[in-house]
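One structure, as structure tokens, below. Some questions next.
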Amino acid sequence: MPIINFEFAIQEIPAVLKGVPITLAIAVVAMVFGLIFGLLIALCRIYRVPILNRLFIIYISFIRGTPLLVQLYVFFYGVPVLLDKMNQSFGTAYNADHISPLLYAFIAFTINVSAYQAEIMRASLNAVQIGQMEAAHSVGMTTFQALKRIVLPQAFLVALPNLGNTFIGLIKATSLAFAVKVVEVMALAKIIANDGYHFLEMYLVAALIYWLICWLLEVLFTFVEEKMRNKEIKQKKMNTTISKDLPLRV
Amino acid sequence: TTEDGKKIITVAISDEVNPPFLYADDDNKPIGYDMDYLKEVEKKLEDYHFEYVWGEEEANLVGVDTGKYDFAINWFFKNPEREEKFLYPEQEFGYSLTSLVTQPDRDDIKTLEDMVGKKLAPMSPSGGLRTILNSYNKNNPDEQIEIESIEFPSNADNLQRVNDGKDDAMFINVTTFNAVQEELDLNLKVAGIVSKEPVYAVFNKEQTELAKEFDEVTKELIEDGTLPDLAEKWFKINFFENLDYINEENYKFNP
Amino acid sequence: MILLKHIHKKFKNNHVLKGIDLEVSKGDVVTIIGPSGSGKTTLLRCVNYLEKPDEGIISINDLTIQTKKPVKKDILQLRRRTAMVFQHYNLFENKTVLENVTEGLIIAQKKSKKMAREIGVDILTKVGLADKINAYPQQLSGGQKQRVGIARALALNPDVLLFDEPTSALDPEMVGEVLEIIREIASGGVTMMIVTHEIDFACEVSNRVVFMDDGQIIEQGPPDDILIHPKQERTRKFLKRIMKEPDFTI
Amino acid sequence: MSVMNDWFSLFIQVLDKLPITLFMLLISLVCSLVLGVAIAIVRIKRFTVLYQIATFYLSFCRSTPLLVQLFLVYFGLPQLLLAFQIDINSLDRMIFVLISLSLHNAAYLSEVVRSAYLAVGEDQFEAAYSVGMTYTQALWRVVLPQAFVLSLPNLGNNIIELLKDTSLAFTIGIIDIMGQVRIILGNNHGIGMFEIYVVISLIYWGTCILIEMVISTLEKVLKKGKVSLSKS
Amino acid sequence: MILLKHIHKKFKNNHVLKGIDLEVSKGDVVTIIGPSGSGKTTLLRCVNYLEKPDEGIISINDLTIQTKKPVKKDILQLRRRTAMVFQHYNLFENKTVLENVTEGLIIAQKKSKKMAREIGVDILTKVGLADKINAYPQQLSGGQKQRVGIARALALNPDVLLFDEPTSALDPEMVGEVLEIIREIASGGVTMMIVTHEIDFACEVSNRVVFMDDGQIIEQGPPDDILIHPKQERTRKFLKRIMKEPDFTI
């Protein structure tokens, strides 16, 4: 039987918790900016904006198609090379070493997430009945106003569970940022684990911390969804109210 | 057990390969010093049959811990904390020569103490090298060496950083350095050997019997010259000799 | 006031409007009748450009839209001068009954919230929905929804009102009340186009009746002429069931 | 050795493992889709006890790293079953990977399915009931087909993530495309990292383009008279 | 044949049905009239249990459902014996017109595809949609949708037909044809409950009229009694606009 050293695990929890702010920072930044960018992409695609539509199809394909790790590397190793080149040709003196790895992580994660968000938003915009847009137009709203006031709020409800997926996936994906020296929860767990080969313990600790963060997120998402769905009374008899028991109260 | 009544032993081998200790040939078959050593052991331990499983190093250790694998081999170092968790044989089967690599004209760096306040190339959070530094830091609370962590560090990339003067030195295994240097031919030197670390296979806590037999066999293999020969074959140096001998007589760190 | 010239509309190879020419002067109430699928809804939707005609010219007062090269700003203007009651109501599902009515006032017409609310409550009371102003569309009966749709259009107080079967879900009592409201508005000089199947209603509300069949206007004129003494064979056939005492004096 | 030759052999070496990756992708996708639909329905219909279990499962499998789940299944499960005298240690490693991937992905898919199911709207159920269908019939014939179309973009997201998740199989020694890359990298001490990552990226991207083509074809074919928001 | 006893239904604190008792014998055609929001749709939906009544008993022939403890199998049976035309049509959006009609035949009634197709084409031809059988609901006009809804219900050939304003979107011509079809079916012994606002239609189609207001049945009887000589003040008020020559002889 494996001897899980609980004492060690518990004793090291505070040390691993120190990574939580970084994890959250990356996830929240990527989520927010990714959503904005993703929404723009989705709209360009739905409205088939001439050149942009094509461009974004390729963008989405490329970003989703290549490993996030590679994207991180591209920024991490690419930007300094680019800066060097720039310094040479323009005589500037930017030092790539002064750029915080966290910034690379922010950019890479935001770009990565935006591709996924674009598809989520496209799916949920498609789920809104076209009559809603027509009605908004008929009362004299511009398309932008109609989107903002009528269509997006309805699309957002459809998107919520999927956004939840992305957010939670993102929380865990931040561990990849370790590849560019950003030390968050998982990285701390690994560092601590190494001396005594306590990988089992530390992975469990990391898993628990992730779970805790994600559980809070689930509660939040369920709450928002519940609120919005109640408002629309869409599934009156389908018993869709979810948060009667919040997740995990088993 | 196999058909001819041998007991099957599952051996986890790490993907964080490090030629020439352990790496893969073109068919992804593991080869290297470690594998030759295990073959010799298997020959002597007639009751056992070894089966090899590739895996990530952390996963391998968890696997040994939980009993999924009987032992794991890679250049595992020994320390008291690890001994609590795993069973280590008494007898090492080889050595890792750890060193600091710098630009050729630097003579301010020879030992770990010299690294205090200087910049070390980023390192993996796991692995034996990291452990040596961690224990140094633990023993010298006032003279900490700053270590940057990074997942999947690239030796080549790190050496390049030292070459370019972005970092002062890299803490690296000598054999690894030589192999990379052969390819890249950077303007670097081994500034100093830090230690000759014995390396072991690590066993599941319940494999006391097997570990004991390993000990005996390994001792025999060293005494009858098999392992020193293998060392010559893979490393072009018999690292069973003492450090001074290696340092001064034989081993050309800076060809 | 409203001028439609040579409007054509195809859905793939289904030629739905085959060159509609129609003139409606200010303050006129025109009802459009015709068999199911004859293109009435499509025509109405072309007037505020919810359906893009393939050919033709639409003009309201001084605003003219060439459907071959429409100007975006003109379309918005067109929609701001018109309001529409949809055959399927198309209420904003994420808004309460009151918000459905005030939305256009606040967003498109930039009225203050307070003023919009006053107008909304007033008009909703008129159509008998004072007790439902905080309900969501999903909680309403068919007739209630239709009345919200009517209220939403009326509240905008536009130059032109487009009604697509505004009484289809209403009981006789309610029809009477809606009739009353329409008369009141018409007397204020608002131009109206009403698609309806209720010949009685058409007769009472309008000063001109247009009979459409198969994407064409068959005949038009004052209600008495068209509904009681139709000239065309097709019109007569259409009205047969209504004209209780068949009128054989051609 | 010429440079071209180098790239080419790298490509071949990694591509060689693509079938294993695709195999894992397909099997675990099918399993997780079935499980995901089941979980979504249990959660929507709120079958009392099942609901609690499903919600707990969802939370756990979604919120903890796949790696940890793989460890639990590969290292933990056999130990647990051994206590009941069941020895599954000799099972092929691939089976453990497939189980972990399916369990993990099903949690995500269940949310994809749930949101699409709810977006379809109750009136479709009512219509189905009114012509005498049972819940299951209504589900399979009317609601899920529509939900499927609505969820296609999200499904695309999910399949692509799953594709990348299969690389975790190497953790326990199944050499997939990523595993091959790691081995090559290790053999060369990280020299040629750039080339290798270009190769692996291209292979992943190529596979994703295939997936995207299937998804967008399905979207076009299954749209069936649905009018897009952009029309007016 | 149909027996409703003491049906109560509340939406939150909105008491919509306040104890409905109704008996309909086999082959009867009952029309239900009443003001908007009086609970007509809700009542109809209770009969096939799309709306779960809070109290009461529903029985059709030998099948009885106690709404306090409904049996799942009974509900399915109930639904298989009834068919419904919805006020909002509720067509299957992902199915063609023909599939909309045949779906129930194939899936619920286990008819062969060939036979279902024959029935479907036949009935669609009757309602004048022969040329639309391969169209999708979103491509249809309002009246066409409604006719698909009617055809779908008729094709099932059930014991009881429930119509919720089946002619609201139909032109007079079409109303005549639907009337014809309903008469034909009624003569075959099918029981029908029809909610309608068209008093003429109610008069012609039914042998009993039920007037509802505010969740209660106010009065019922043969069409002539109710529609021409109503006894209750409320009924008279409701019908005022219809009864062109007000009938003051109480």
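For reference, chains read A, B, C, D and E in written order, and residue numbers begin at 1 within each chain.
Following the convention adopted for this analysis, contacts are C-beta pairs under 8 Å (C-beta built on N, C-alpha and C of every residue); 3 or more make two chains touch, one makes a residue touch a chain.
These are the chains along with the protein names UniProt gives them: A, D = Amino acid ABC transporter permease; C, E = Amino acid ABC transporter ATP-binding protein.
Note that the coordinates shown come from a computational prediction; the quantities given were computed from them, not determined experimentally.
Student: Quick one: which chains contact chain A and chain B both?
Tutor: D
Student: Spell out the chains that contact chain B while also contacting chain D.
Tutor: Touching chain B and chain D alike, sorted by label: A.
Student: Farthest chain from chain E, going by mean C-alpha coordinates, please.
Tutor: Following the centroid criterion, the farthest chain would be B.
Student: Tell me which chain's centre, taken as the mean of its C-alpha atoms, is farthest from chain C.
Tutor: When every chain centre is compared against chain C, the largest gap points to B.
Student: Counting C-beta pairs in contact, which chain pair ranks first?
Tutor: So the pair of chains linked by the most contacts is A-D.
Student: Just the number, please: Cα centre separation of chain C and chain D in whole Å.
Tutor: For chain C versus chain D, the centre distance works out to 50 Å.
Student: Need the CA-centroid distance for the pair chain B / chain E, whole Å please.
Tutor: 82
Student: Taking the mean of the CA coordinates per chain, how far is chain D from chain E in Å?
Tutor: That gives a centre separation of 46 Å.
Student: Mind checking the centre-to-centre distance between chain A and chain D? Centres are C-alpha means, answer in whole Å.
Tutor: 18
Student: Name the residues of chain C that each touch 2 or more other chains.
Tutor: Correct list: 50, 88, 139.
Student: What parts of chain D, by residue number, touch at least two of the other chains?
Tutor: 67, 71, 75, 79, 226-227, 232
Student: If a residue has to touch 2 or more other chains to count, which residues of chain A qualify?
Tutor: Correct list: 1-2, 134, 137, 200, 203, 234, 236-237.
Student: Along chain E, where are the residues that touch chain C in the complex?
Tutor: My answer: residues 11, 33-37, 41-42, 87-88, 128, 139-144, 147, 165, 168-176, 197, 199, 237-242.
Student: Within the complex, which stretch of chain A touches chain C?
Tutor: Against chain C, chain A makes touches at 129, 131-132, 134-142, 145, 149-150, 153-154, 157, 228, 231-234, 236.
Student: What part of chain D is in contact with chain E in the complex they form?
Tutor: Going by the criterion above, the answer is residues 123-124, 126-134, 137, 141-142, 145-146, 149, 222, 224-227.
Student: Which part of chain A faces chain B closely enough to touch in the complex?
Tutor: 1-3, 5, 77, 97, 176, 178-181, 183, 187, 190-191, 193-200, 203
Student: How about chain E: which of its residues touch chain D in the complex?
Tutor: 48, 50, 76, 79-80, 82-84, 86, 88, 90-95, 103-104, 107-109, 135-139, 152-153, 156
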